[in-house]
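Worksheet: one structure, shown below.
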Amino acid sequence: MSIANLLNGVAFGALLLILSSGLALIYGLRGVINFSHGALYMLGAYVAYQSVGALGFWGALVVAPLVVAVAGVALELGVFRPLEHRSHVEVGLVTFGLAMIIERVIVLIWGEDTLPVEGPGGLAGTVSVFGSGYPAYRLFIIATAAVMAVGLFVWLQRSRTGLHIRATSQDPEMAEILGVNVSRLSLLVMAVGGALAGVAGALAAPYFSVQPSMGQAILIPVLIVVVVGGVGSVGGAMTAALVLGIGQTLGNVWAPSVTVLLPYVLVIGVLLWRPTGIAGKRVV
Amino acid sequence: MTTFSPPTEADQDPVPSGRPGARRGPRVSRRAWRAAAVVAVFVIGLGLPVVVSNPYYLGIATDGAVLGILALSIGFLASRCGLISLGHTTFFGLAAYTFAISTTNWGWAPLVAALFAVLVGSAVGALVGAAIVRTPGIGFLVLTLAIGQAFYQLSVQTALRPLTGTYDGIPIIYADGQTMLGRDQADMGDASQFWPIAWTVLIGFVVVVTLVTRSRFGRTIEAVRENEERARFSGLNTFTPRLLAFMLSATGASVAGVLFALKANYVSPNVFSFVTAGDSVIAALVGGWTTAVGPVIGAVLYVFGQSELGATGNLQLFTGIALVVTIAFLRTGIVGALTSLWSLARRVLLTRRTR
Amino acid sequence: MNQAVLSADEVGVSYGGLRAVDGVSLTVAGGELHGVIGPNGAGKSTFMDALSGRCKLSAGSVSLGGEDVTGRSVQWRRRNGMSRSFQRTSVFPGLTVRDQLEFVADLTHETELDLVIEALGLGDFLDVTCSSISYGDQRSVDIAMALIGRPTVVLLDEPGAGLTKEESARMLDHIRGLCREREVAAVLVEHDVEGVFRVCDTITVLDRGVVIASGLPADVRADPQVISAYLGSEA
């Protein structure tokens, strides 16, 4: 096992962490699993690809989350709100359908090819880590995820809005009675969740490249992480993301056939043994 | 948001008339009429190749029938039990692969292999069902998804190449001279030859599902779906009925898997894919899973769409749109929408006549 | 009066550190209507949950006809004579009234379903789906399902909830009538204190999870602790 392998695992886990935090927020607040989260991630990556030319990587890193945040808001206004009185399963299925639509429209616009995206020039080299060289860009991903994680945590734990979000996730009716504007909160959470997906997509673009299958490919790992981490538990999702990222990447080196089943075994085990996930309340 | 309670027959018919078959009156003759109708439909259907000689459309009908069995299995579970499974590909694929492996790798007679494959699929269905039927709502959905995709991963693992052929799959080869129901291997791939088999099994499964739904057992699982806790408080052990319903559903999916392998003479990991899992649920839902016929219609439409749009790659787009539109507006699916239109038309015509 | 059909012996239910029910005992004989009242949060519904097996006991035991049933599942209890109705109406919304009553009748081997239907006045809407009838009627269906199958013990959790004073009074009278007729032991949790005093044979008063008074209505009514519990909580 080399440092590089371990760090690759952390990098993948970091991306997963950013993406799953958004999904966990949405799941916690609305109780719905947003199956289109992978498609939003994909949208972020493709928007990043499109903007890199004109705005450079850093510009793309700003534009992508903005665009996907808007998409998140559209999702809230166009889907979650009108279908508020339907069951969680039905709304989940609608997002499932939306994922298919969004992903196909993206391919119709940008084509079937894998699109390369260049990372920022300043981070193109390697950095010496414990004696061996490791791509600086991947360290940047890890660093970004760490900053986001801390920022998200502080926001949720310390700010008033964060408190409202946590309260509403626990008991939406009570929160509303106590004066929380749940609609406005949902809008905010969808925007933030979308932005996080956009950041993940933009960061992933130079690392994993931009291709039509990326939405579907990331969806199942993200779902697994959120479910295992616990309903709406952002901290749980973050932890699960790192564990999965590291575990899977390392395992792939040692025993690929077994490792590939790991996430599935994990989610099945957790759901059967503890339907609330490791840190959360109820899955339903 | 409320717990999932799928639209039932009561939602379709604005005048609630209780469970079909529970009407008082001359029950015998009504049942006899219905049985006669089923036989008639069956016999007429058998003659499809005579009327439709175009192999393209015949192929769609045949593939639609096979997928229809899978869709109906899913639809039955969803509408009667309130359990939506994104993992029925598990049994579909497992049965298909079992058939392929036992004929091609082990040289078994196709009929024996087919029965064995259904058995394997059903047995796994029992095991999976026992483990997961107690998990409610979204948890069940994610569990079925995880299990199905785990099997997909197994089917593409290089370590299992000798058994599964990984991404290349298994071209099915019967042992020398073997036939299946009087047809040799080449015939099976011919839609006009395969059609009677597919049609017979489809009608058989539709009849079974309908009978089960209208039986006392059907009412029991409906009660469990409507209010599981109350059912327990009424003295029912709710685990067993759900498990049995799940097993019936898994068996249906296994039968569909075997038929699929039989016709295609080839299995690949696609039978386990995420796309197949999702699309089969969508077909059932869009067709209208409160009836037995709805999922079959949805399946035929899907197969048709697949043939027409496959090359353009836009199938996914239209499937997604169909799903969203159905859940948002046509809650009882195409069949439900048509039924409502029909009732509406009938009422309009009747009021006109009485004026 | 007959022998005790239902008895609770020092029943306790705890959630984490909170003792929702603590050391509650009572006995109910066949044909006896036993009311359980108390201010909000007294633990009445939790006590019902404990009796019916919906929640686990952390202390004490529940006996049915002399047999300890503390570990038994809710299905088992129902099949062996203990039924309950729910505070929040719990019916099968998509089934017709007839279908759900027949469903329960099948499970409990009830042969005279029509009597229950008549007693609760459900004859008018048997073939209508439960979600289309009024809340009050749904309540009646809920209670009917608890009365089917000749249970020996019926636990009724706020049968009058959500009904008007008149409907509630009528409901309680129905229940008393049916219990006397069929010699069923009944435990009745209610907020309508006047109604309880009117129809019940014995009464237990809970406050903050413990019994503060128990006995005949007249005695309980005059008990100073009961008066202060109710007046105290209203203050």
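To keep things simple, chains are lettered A, B and C as they appear, and every chain counts its residues starting from 1.
Definition applied: a residue touches a chain if its C-beta (ideal position, glycine included) is under 8 Å from a C-beta of that chain, and two chains touch if they have at least 3 such contacts.
As the structure is a computational prediction, the values presented were derived from the model and not from experiment.
Steps from chain A to chain C, minimised over paths through touching chains, total 2. Put simply, the chain closest to the centre of the protein, by Cα centroids, is B. Set against the Cα centre of chain C, the chain with the most distant centre is A. Just count the C-beta contacts per chain pair and the biggest one is A-B.
Distance between chain A and chain C, defined via averaged C-alpha coordinates, is recorded as 49 Å. Here the CA centre of chain B is 44 Å from the CA centre of chain C. Centroid to centroid, with C-alpha atoms defining each point, chain A and chain B lie 34 Å apart. Counting partner chains per residue, chain A shows two or more touched chains at no residue at all.
Chain B has residues 5 in contact with two or more other chains. The touching residues of chain C, counted against chain B in their complex, run 52, 54, 73-75, 78-79, 83-84, 86, 90-96, 98-100, 103-104, 106-108, 127-129, 132, 145, 149. For chain B in complex with chain C, the residues that touch the partner chain are 5, 8, 10, 16-19, 22, 216, 219-220, 222-223, 225-227, 229-238. Chain B makes touch with chain A in their complex at residues 1-5, 84, 131-132, 135-139, 141-143, 145-147, 149-150, 153-154, 157-160, 274, 278, 281-282, 285, 313-314, 316-317, 319-324, 327-328.
Those residues of chain A that touch chain B in the complex are listed here as 31-33, 82-94, 96-101, 103-105, 107-108, 112, 216, 220, 223-224, 227, 256-257, 260-261, 264-265, 267-268, 271-272, 275, 283-284.
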